[in-house]
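Here's the structure we're looking at; comments come further down.
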Amino acid sequence: MKPTPTSRPELRTLLAFGAHPDDIEFGCGGVIAKETRAGRKARFVICSRGEAASHGTPAQRVVEAKKSARLLGATVEFIKLDGDAHLEVRVAHAIKLAAIIRRVRPGIVLAPSLVENQHPDHPRLGQLVRDACRLARFGGVKALRRVPAHAIEQLFYYAVTPEAEPPDITPVLIDVSAPDVLKAWIAAMQAHASQAASRNYVELQITRARLRGLRAGCGHAIALFPNDPLVLDSLAHAGRGARQF
Amino acid sequence: MKPTPTSRPELRTLLAFGAHPDDIEFGCGGVIAKETRAGRKARFVICSRGEAASHGTPAQRVVEAKKSARLLGATVEFIKLDGDAHLEVRVAHAIKLAAIIRRVRPGIVLAPSLVENQHPDHPRLGQLVRDACRLARFGGVKALRRVPAHAIEQLFYYAVTPEAEPPDITPVLIDVSAPDVLKAWIAAMQAHASQAASRNYVELQITRARLRGLRAGCGHAIALFPNDPLVLDSLAHAGRGARQF
Amino acid sequence: MKPTPTSRPELRTLLAFGAHPDDIEFGCGGVIAKETRAGRKARFVICSRGEAASHGTPAQRVVEAKKSARLLGATVEFIKLDGDAHLEVRVAHAIKLAAIIRRVRPGIVLAPSLVENQHPDHPRLGQLVRDACRLARFGGVKALRRVPAHAIEQLFYYAVTPEAEPPDITPVLIDVSAPDVLKAWIAAMQAHASQAASRNYVELQITRARLRGLRAGCGHAIALFPNDPLVLDSLAHAGRGARQF
Amino acid sequence: MKPTPTSRPELRTLLAFGAHPDDIEFGCGGVIAKETRAGRKARFVICSRGEAASHGTPAQRVVEAKKSARLLGATVEFIKLDGDAHLEVRVAHAIKLAAIIRRVRPGIVLAPSLVENQHPDHPRLGQLVRDACRLARFGGVKALRRVPAHAIEQLFYYAVTPEAEPPDITPVLIDVSAPDVLKAWIAAMQAHASQAASRNYVELQITRARLRGLRAGCGHAIALFPNDPLVLDSLAHAGRGARQF
Amino acid sequence: MKPTPTSRPELRTLLAFGAHPDDIEFGCGGVIAKETRAGRKARFVICSRGEAASHGTPAQRVVEAKKSARLLGATVEFIKLDGDAHLEVRVAHAIKLAAIIRRVRPGIVLAPSLVENQHPDHPRLGQLVRDACRLARFGGVKALRRVPAHAIEQLFYYAVTPEAEPPDITPVLIDVSAPDVLKAWIAAMQAHASQAASRNYVELQITRARLRGLRAGCGHAIALFPNDPLVLDSLAHAGRGARQF
Amino acid sequence: MKPTPTSRPELRTLLAFGAHPDDIEFGCGGVIAKETRAGRKARFVICSRGEAASHGTPAQRVVEAKKSARLLGATVEFIKLDGDAHLEVRVAHAIKLAAIIRRVRPGIVLAPSLVENQHPDHPRLGQLVRDACRLARFGGVKALRRVPAHAIEQLFYYAVTPEAEPPDITPVLIDVSAPDVLKAWIAAMQAHASQAASRNYVELQITRARLRGLRAGCGHAIALFPNDPLVLDSLAHAGRGARQF
């Protein structure tokens, strides 16, 4: 059941949560492209329609998000919590997200990081997802009883901007420099035309990934921050360290 | 060259450094047993003969270390730096260790952690090994020129006691609960009879590993602390998270 | 009023808060047994009946908690906040807890730690208790005016699992290795039969305490994390340091 | 052997190390006065004669230090390591200090904190003392064999200036506001006339202690930073928390 | 637009938020006096009338706050959120504060620090202000649309007590030792006669400022903690470092 | 003497220390260009000739460094400590650097950061410079007596690679996006042709500066890490905060 050096590990669904229609793509789109190209199913759950943003209407944002998800090989679902720029940490929200986790039954869950000093919706969604992963496992939560409990394999946080990178978690870096992966990621970010046009978002992310790639000895790389230490079957799976300079 | 889900990763030699004859075994012996049983070569470099310890003569300690290494499937080499309880951080020492790294050409290097509040020799050896891994890569160091430069894949720190665990590095946990692995580890620790007899060292380590195992959902586990973020080819290699409670 | 080397310090009541019927016992039951055996009164306030757990009915849980408290020499009181797995940080809750603090007038208060990455109810209750200790002192809070303000001596956090230990507070370790203390603690944990049966909870706690005991040079020890620095009348009260290896 | 609420704890000798003739007094002189007045023996070991200071000759400094120690009820001994402003971390120094520890056989040891950004001699002496406390326990260190090994009870760090306070250790605060204690401390600082005259050293320390006292609810208090968690026999010894505002 | 060595920087309004009528004055009143004396407009927004305090009626508190603001050269406005000791983190509050930011259009915003272990209202107001600064910039928040979006220059946190100082932000120190500045600050604190009379609040703050001044080489100084790194046009603006001892 | 809003601050010499011929340029060359263009004198002290590097001879490295310094408007001086890749922390070195500080009498000093996990020479030189800044102020150090003591204004650390950025110091960001500044910096890095040719060093630094610029709302920016909090005369000098996203 655990991966071994010779067997192909089971690729269970990846479930990514975003507070706004473009957060997943800007925060870790390259990882999604990498995973779907490797045969893993990916599913996005987006918790607002970006209705408080300076640019773009909710209708545009939904269209953009659907196009972007398609480019990354993912499916996308919109849910309503408190609305863009209005998210609060409520148990009712965490239970709603836990119900989705029980339904989708993912191996890997992605959520925005818990670092507070960013868009207020981001760390709050991160907290809700983290709590939801716990609630999804508890047998006795009444509102969740219709679907059997589910334990995920790992929760990773992504950081939409450098400020959101958790200083106290050692990240894992995913190499996203394969040309088709990088191309899909850029296209997915550009699909959010209402956002990408007005500011340097795409350049910010590609610059970040290039800086990590330069340090790690590959073209571009994206950091994910594990919620719990990785349990490895052996050091054969520990990859190489990011140390080029 | 990078591991992929279907190919067996190349298992390059593991090189472990210890300040005293029993440090590697007490700090991470179970990992050594796991790796050698998976077909990886392991080599120990021990930098004193334990001549300042309260129990055991240097001659006894060497015999014990050789027996212990054999039980773990590793070879062992003794070198002289400043002597037990006398180690200082000198560049000459780091160059000596770098020459060994160039000779052995390991993929993975293990060293005691850099946390200061333990046996003074431990963090100092950790610093020397970390520096040696850098020096082994520099083309122009005169004293090293006879052997070509070598870049390792990753440096991991082990912690001989809980106090030595680095609070600012997210560890990876290696599952060592396979019966033959656990048995080999215990036997290797007991082979250091002059040390194991007088105090609760073996119980300390097994209790630590059991506590980690209980948290990680396996029998026993050992934590290693990577010097650099892991670069992974995909999340298929990210294992599962340690979250049982 | 302050303890002096020759006088017996006044043993004011200990008030412990738990989010679920077994949290206090699993987190710091040995400390309770130690204190009550030394003549201190102990009182538990439990803020749910465990109704969201995978095992055990609320009715069973209450019976178990009462039996367990009795084994530890404590009295127990159940209150309702938002319900198991539904706790939110609301000022109304903090005021409710502050009213209890004013009524019980404890010297020492125990609460689950503020570390976020555990059962969502735990750190939230910790926050509520910390706030309640402040509110209990403020003269003008209308809802609390019927009972005179009360200032506690110290708030300590307990950690239900190792993940919940605050990394930034130096703990104090309480030696719980006296046979009757250890026995009472284990019995109290086992009294939560609906929980203890299904998983390794008791072993987890005893292993934790044994690991601390090995480091501190005693049989078993439990860590508590003070909310504020300890003010000591002299170093005669500073105990000994935990440094066995 | 362990302190109990009713017995008077055994007061073993306090051994304080200072890099310069006035460091102990400015860093924690009030604690010394408190302890000697409670019947504990105190001994100072000073590792230079202040020969690199801007003010005062070595001969003056020695006279001042002797007078100051007398005012605090302590004896004083001068040793030579590398000289003022020239201290390096050498094992030979740590062994020299370990020999003193074996000779004096203290319960409590005080040393300057390990925080790097202060007078370079301070953290280096702190490291040497910490290592010396370990070496004093190792049975096999040749240079120390003439005197039996000795394990201290606890090592505390003092901070000569606020910058030197370790941010990652929860301090214990010692109440030094008894009039005779405070008076002795001030007199001891003023005894270092060559230093106290030229700058605001005495005011700095009294202001620091007053600020801590205001927070802790007493007149003046001094913080000490334990190297290891305190092991307490019960919460009766945990004092009260520093929380006045 | 950016300050240059020769031009006088534009002094945009300073907007300070306080949870209670005296928080701004006790936390950073000297800075306000300094800034208004240099020609900057200052405006206080106070989010309760201190109705839960042990001393003083709401009516008294308002009178005191007005007098105190006048002494510091600031104007003052009272708003109602949840009431003293009842503040919760709600998006509706952040939007209310964001509307004020859009109306006042400040350059600098001051708020209580985010450190949790103080009066519960303080860090909550800090969070609300931080979020409000973000919301004030988002074009699409419906409730804010009547006034154009506004981006502040910098958010600084003040600490009402030493416990509230953020350990992970390097502060900037403002020299407040000019006699008229210091005098105005003390007068402003004393204007809160209902609070200042009963406890040592004024002494606490002056002792804090004196301790910082002693370290920084000036009479008195106050620390502010920037939410974001300072962007400087050149090192000519980096001031001098606080290093007197 | 202190800067005021209307007067031009005195621009005292900037003194930058580098362990290797290209460290200053790669770590903070843009800041040097900015400062010299504003009329400040800059002086480099380089402590090896890069003789252990994989590429370039010592003679080439010296020529490159002189050319590079000229492009940045700085003068350069080479000194010998232990040689490239051989640097140790010795007091004799710190005294040598302190003598240079007394001779040059700089306002601002720049040194490589103290973060350990980089080229071993970098943090060691950082420590030596930090200590040298202290020693330069002590009146009684014999070896320094020929030149009067000197107190610098501020010590800033630069980070040659992202790994070297101190996680616990809030940086100041210097805007280096003026075309002539950026061009001079790039030219200065390229002047180290033996290094720049073989690897992506120039791209690494420009990518880093661009990422910071994107966050700070300017083209490119470089972070410096102050050793001590900045003492500012008023908030008019606090610049703006780096918060673009």
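Per-chain residue numbering starts at 1, and chain names A, B, C, D, E and F are given in the order in which the chains are listed.
In the analysis below, contacts are C-beta pairs under 8 Å (C-beta built on N, C-alpha and C of every residue); 3 or more make two chains touch, one makes a residue touch a chain.
Keep in mind that this is a model prediction, so the values were computed, not measured.
> Chains in contact with subunit D and with subunit F: which ones?
B, E
> How many Å are there between the centre of subunit B and the centre of subunit D, using C-alpha atoms for each centre?
From the centre of subunit B to the centre of subunit D is 37 Å.
> Can you check how far apart subunit A and subunit F are, centre to centre, with Cα atoms defining each centre and the answer in Å?
38
> Which residues belonging to subunit C are in contact with no fewer than two other chains?
Residues 227-228 of subunit C each touch two or more of the other chains.
> Every pair of chains that touch: which are they?
A-B, A-C, A-E, A-F, B-C, B-D, B-F, C-D, C-E, D-E, D-F, E-F
> Taking the touch rule as given, give the residues of subunit E at its contact with subunit C in the complex, in rising order.
Its residues touching subunit C are 50-55, 82, 84-88, 116-117, 119-120.
> Over in the complex, which subunit A residues touch subunit F? Could you list them?
Residues 160-163, 167, 200-201, 203-204, 207-208, 210-211, 214-215, 245.
> Would you tell me which residues of subunit D are touching subunit B in their complex?
So the residues of subunit D touching subunit B come out as 89-91, 94, 114, 127, 130-131, 134-135, 137-142, 149, 227-228.
> Could you please specify the touching residues of subunit E with respect to subunit F in the complex?
Per the touch definition, subunit E meets subunit F at residues 2-3, 5-6, 8-9, 11, 14, 31, 34-35, 38, 40, 108, 152-156, 168-175, 216-218, 221, 223-224, 226-243.
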